[in-house]
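By letter and in written order, the chains are A, B, C and D; residue numbering begins at 1 in each of them.
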Amino acid sequence: MQLALFILFGGLALAGAINLLVQKAPIHSALSLVLVMGSLAVLFLLLGAEFIAFIQILVYAGAIMVLFVFVIMLLNAQPSEPSRASRAARWLGPPVAGLLAILLAVRVAGRYHRVPANLGQPMFQIGDIGQALFHQYLLPFEVTSVLFLVGVAGAVMLAARPEEAPQPARQECPEPADSMTREKGAGA
Amino acid sequence: MVVSLADYLVLSALLFALGVAGFLFKKDLITVFISIELMLNGVNLTFVAFSHYLRQNAIDGNLFVFFVMVVAAAEAAVGLAIIIAVVRNRNTLNIDKMDLMKN
Amino acid sequence: MTIGTFVVVAIVKALIALFILTTLIAYIQLAERKIVARMQSRVGPTRVGPFGLLQPLADAVKFILKEDITPTASEKGLYLLAPILSVTLALLAIAVIPVGPPLQIHGWTIPLQLTDLNIGLLYVLGVTSLGVYGIVLAGWSSNSKYSLLGSLRAGSQMVSYELSLGLALIGPILLAGTLSLHGIVEAQAGGHWFLWTQWLAFFIYLTAGFAETNRIPFDLPEAEGELGAGYHTEYSAMKFAMFFLAEYANMITVSAVATIVFLGGWSGPVFGPAPLRILLPIFWFALKVAAFLFLFIWVRGTLPRFRYDQLMAFGWKVLVPLALANVLVTSFAVAVLH
Amino acid sequence: MPINLHLWLIPTLCFLGFALNILFGRLWSKAAAGTVGILFPAAAFLWGLRAALAWSSLPVHPYLESHGAWILAGPLRIPFGFQLDPLSLVMLLVVSGVGLVIHVYSLGYMSEEGGFYRYFALLNMFLFFMLTLVLANNYLLMFVGWEGVGFASYMLIGFFFRRDSASRAGMKAFVVNRIGDFGFLIGLFYIFQLFGGFEYTRVFPQVMRMPAETGWHGPLTLIALLLFAGATGKSAQLPLYVWLPDAMEGPTPVSALIHAATMVTAGVYMVARSAAIFDRSAVALEVVLAVGALTAIFAASIGMLQRDIKRVLAYSTVSQLGYMFMACGAAAYGAGIFHLMTHAFFKGLLFLAAGSVIHAMHGEQDMFRIRTLATGGLKRYAPITFWTFLIATCAITGIPGFSGYFSKDLILEKVFTGAAGSRFWWAVGAVAAAMTAFYMFRAVFVTFFPARGGEAEHAPAPGLAGHAHPSGQEPATVVAHPAHPHESPKVMTIPLIILAVLAAVGGFLNLGDRFMRFLAPVFQPAAAGTVALGPETPAAGWLKIVPIVAAIGGLCFAWWFYQWKPELARRSAQALPRLYALVFNKYWVDELYQRAIIAPLTWISRRLLWRDVDQTLIDGSVNGVGRLAQAAGDRIRRQQSGYIRSYASWVGAGAVVVLLYVLWLGAR
């Protein structure tokens, strides 16, 4: 049962990843990644990580990837025209990717041929996660939340449409120099 | 037959390598970004697998994944905002055309 | 339980659930038409069958037989995928909804739900959060500007309100101390519905739920006046029906979750002989869900539509802060009480 | 807590004067800058006077004042502190007193010059360093002052920096001093190695426990000789005296203060201060005596034929410093210091008076030209200058009753009778004294008296060195040959009078050997232990007569040559042309140095070090590295393609390499 599910969803994940590479249009790549994420969520369930599995769905697939799809739609991203600019990537890329796969998969992962004694139902409840998160990992948690806040603020700043030049009517003191600098500031 | 840790690790290694390949070969910015997310996912799988097998269902690996997700979310927000800004200015998503740094 | 029986039981349960659900959806639709008609001083469907009761069947036949148009400029694969995704996810969400306490029959314990997850609520949220894909993909793949605008609207609306939806649920979760739907119901046993203490969360949840299902007054994505029919403008026949199905399935999910989380689920006065004892909780549950569904219809019949910027502003500037405040207050209360 | 003299205030006050003038002087009027420049040294002098008045009530001698550690590095621990004993008290008063007088004089002398504030700032800075040198309680702090005065001297010699000869002279002084300082510095290292510290109170007691040395090889001999090397530089002794005559390029008050009265005596002070060390080395004493005597007669002989009044005085200074070293070499340090003091008075006075002459003659420094220009004798126009100059001349030549008589007599007597003395060097000293009298009175007669008959000594000098800086024209004032020589203003004549009084009566300080007794405690311990000194020769009565005879003889000869029979000078010069040329050109020492030392050095520097080593080897390798980097960068630059994917590829390649390394090399 475990093995069957692993093969099924592991295979799905791999297929999704490969599809991500093969597909031309960004939207297809994005959806492939959603497939990978869904499969991984199932694998997480197999590994007894229920919480992570659903967070994976909720946050990764349901929020982050939605964002991607959104941006793709917003920018109407079409398959990019072929370009052969980067020689380094062309010559170096295949061996690098291949070697990475071989090294990581065969040499590194090959060392862990072990099956632990007692695997089974998840041994922790949702509460344990909360406990760990707010005691042992409180500092990282807070740091990441600050990071997140900053990230959100930055995203809003970056994506905000450059403001139009301020209209004279709305300005309190329409000094030309002032408006110049404002325009510059908005442009930058 | 049982699934061993190695199987999960191999899977995640392959996912990671595919992510690297995507990063290197894909030409539009968004797909490159997506490839990064794929790499992160591959790593996440190793976290959970290690947590499950090596530490006997320890909670730590799960929390790492949790943090990775939060960071990924922040990264996605900022990164996509940057992509939007870039496209607004350069009017292209092709990564090879973003060569203002050249020369 | 061997794997074989497990699979069989699962499939049987799934089929039963599916059947009930589709029937239910069909009749909710009929009910909606009738009720709205009454509200608007009309009669509604009466021709097919007594009181128009066979109308859903006729509609179904009609959907199946209608010409299935696929726009040539569309992305075929995604165009097909979108409605399937929508309806599948909508139906999947129902899988963890318990309609009553586990049945004890011949020593077998049959939970009245497809599966009982430790973190059922999370599952529901996760699956419904994926629902947005169906809408977004539909709009994208149709390659039509109305569809695209509709799906963009729908997408951002759902993503926005999902936040307040989830936050609103945290209050009751804090009180219940579990994410299991079963556990949440049991935490409200004896009439201690979370509605009493979490009325603010209930209001937020309800509002967000209307938005999540794209119902009036938040049906901007399919605003007929502006967008034709929004993201499914280009869809017809069975594919359109699937969106239809998904919307009503989502309504049911939202109602069921509201019932479970705020209204004590199947709890209610249980009395009488054994069969009645088994059926009464299910009845109570159905009643509460029906009340919610009626509310949906009622609101549709009375309220006008929001303007889009009002909608987003309301979501981010009113609901989210309120939900956060509620979470804060609740956690303090929980911390103090424990 | 005994009386606190706050000695640190003395140098600090001077430093304040320097700082204020250098920072704000540019903004001030000349009057303000001058006031500041004088007030602070005056305050320092008064404070020194206060210390002198409190001297008798001091409970402990020497008085020590410590201001904590100055340098702390491992075993090296150098305190920052001051010491007041009779020796430094004398030096303190001489330096600040004469310094103050000369400051006042400068007010008048420099009134026409630009850079007024800079002049006073530097003068104050000089005082600051000089007083630090004098008051220091350890060798290193003394060295700081030593170098500081060298720097101040360099700045002041080159004060008229627009004039090439002035800045060259400044550099020459600095470089020549550095040679001496090098010896001094090595001596200091040796002292530290031997005694583990620099404080006098730490070094001398240890020295006194060491046996006397007779050979060349003893550590104390080595130290003494190294220190003396420093002294020959600073005090312009053979063979490093060459800078002092050139230093006359500086303003005349600077010559008076630095190159006559104070700084150049620092070497004498240092030797006297190190009396304990010198006393223990017969060889060192002998060297000091010989060098002193040789310098005295050597410089005196040059002085006899100089035409430039300031140069005469410069060689005279060198010669007189030789006397002081003779005294030290005879282990009669007190006599040396006594001469140092009287010399400060009369030589300061001589320079100031010479400055007054130059001032009167609007920049003319050639005595013979002055004589021609000032018809009827300059003494008519500038009587005060004349009389003070005459008093100073009497003092320096040793006319009985004047201060120089007492000190020079004492030195000659000590050289004859002293334990480390010698008759031969005494004789040399006596001859030098006669020469001194000759050239000094020559200067008086030529400068102030009207010419009688034919002009003497107009023979153009064979060789050019003497005319290299023929008249080293004073300040940038245009030499407008005046028909109206005039007496200097009061601000200049009053200092002259003050110094004249001191030069006249200063010798009486030692009446009844009081001055010697006062100084004795400083040198007493030195004489107490085992000393490399022989027995004293008893003094003979005729010893007192000889210097007087020498002085009068010199006076007579000068009168004979330059007043009575002026043509005699020219005739004698023509009779002995080679000797005349030799002496007139200062024995060609500068040329010798130029040929023997500077030229080879320059050649090595130019040809070998510059062209071969520096240009070919070092520049070549440096440029080669640069070119290599450039070429490599040019290649590598192409990797900077600007494509994100290229960069990512390289990052990936790096990851692969790291993995390979870890897997095959690290983890096995």
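Points worth noting:
In this text, a residue touches a chain if its C-beta (ideal position, glycine included) is under 8 Å from a C-beta of that chain, and two chains touch if they have at least 3 such contacts.
Nothing here was measured: the structure is a model prediction, and the numbers come from that model.
Set side by side, the interfaces B-D and A-C show unequal numbers of C-beta pairs in contact, with more at A-C.
Chain B and chain C have centres, each the mean of its CA atoms, that are 33 Å apart. Remark: chain B and chain D have CA centroids separated by 80 Å (rounded to whole angstrom). Centre to centre, using the average C-alpha position, chain A and chain C are separated by 28 Å. Chain A and chain B have Cα centroids lying 6 Å from one another. Residue positions of chain D touching 2 or more other chains: 641, 643, 645, 648-649, 652.
Chain contacts: chain A has residues 51, 55, 63, 67, 72, 74, 85-86, 89, 92-93, 96-97, 100, 104, 108, 122 touching two or more partner chains. Contact of a single residue of chain B with at least two other chains is seen at positions 20, 24, 27, 96, 99. Taken chain by chain, the contacts fit none of the simple shapes, being neither an open path, a ring, a star, nor a full set of pairwise contacts. Against chain A, in their complex, chain B makes its touches with residues 1-22, 24-28, 30-31, 33-35, 37-38, 41, 44-45, 48-49, 51-54, 56-57, 59-63, 65-67, 69-78, 80-85, 87, 93-94, 96-97, 99. Of all the residues in chain B, the ones that touch chain D in their complex are 20, 23-24, 27, 32, 95-96, 98-103. Put simply, chain D touches chain A in their complex at residues 639, 641, 643, 645-646, 648-650, 652-653, 655-656, 659-660, 663. Touching chain A in their complex are the following residues of chain C: 3, 78, 117-119, 122-123, 125-127, 129-130, 132-133, 136-137, 139-140, 148, 151-152, 155-156, 159, 162, 177-179.
Here chain A touches chain C in the complex through residues 1, 27, 31, 34, 50-51, 54-55, 57-58, 61-63, 66-67, 69-70, 72-74, 122, 125-127, going by the rule given at the top.
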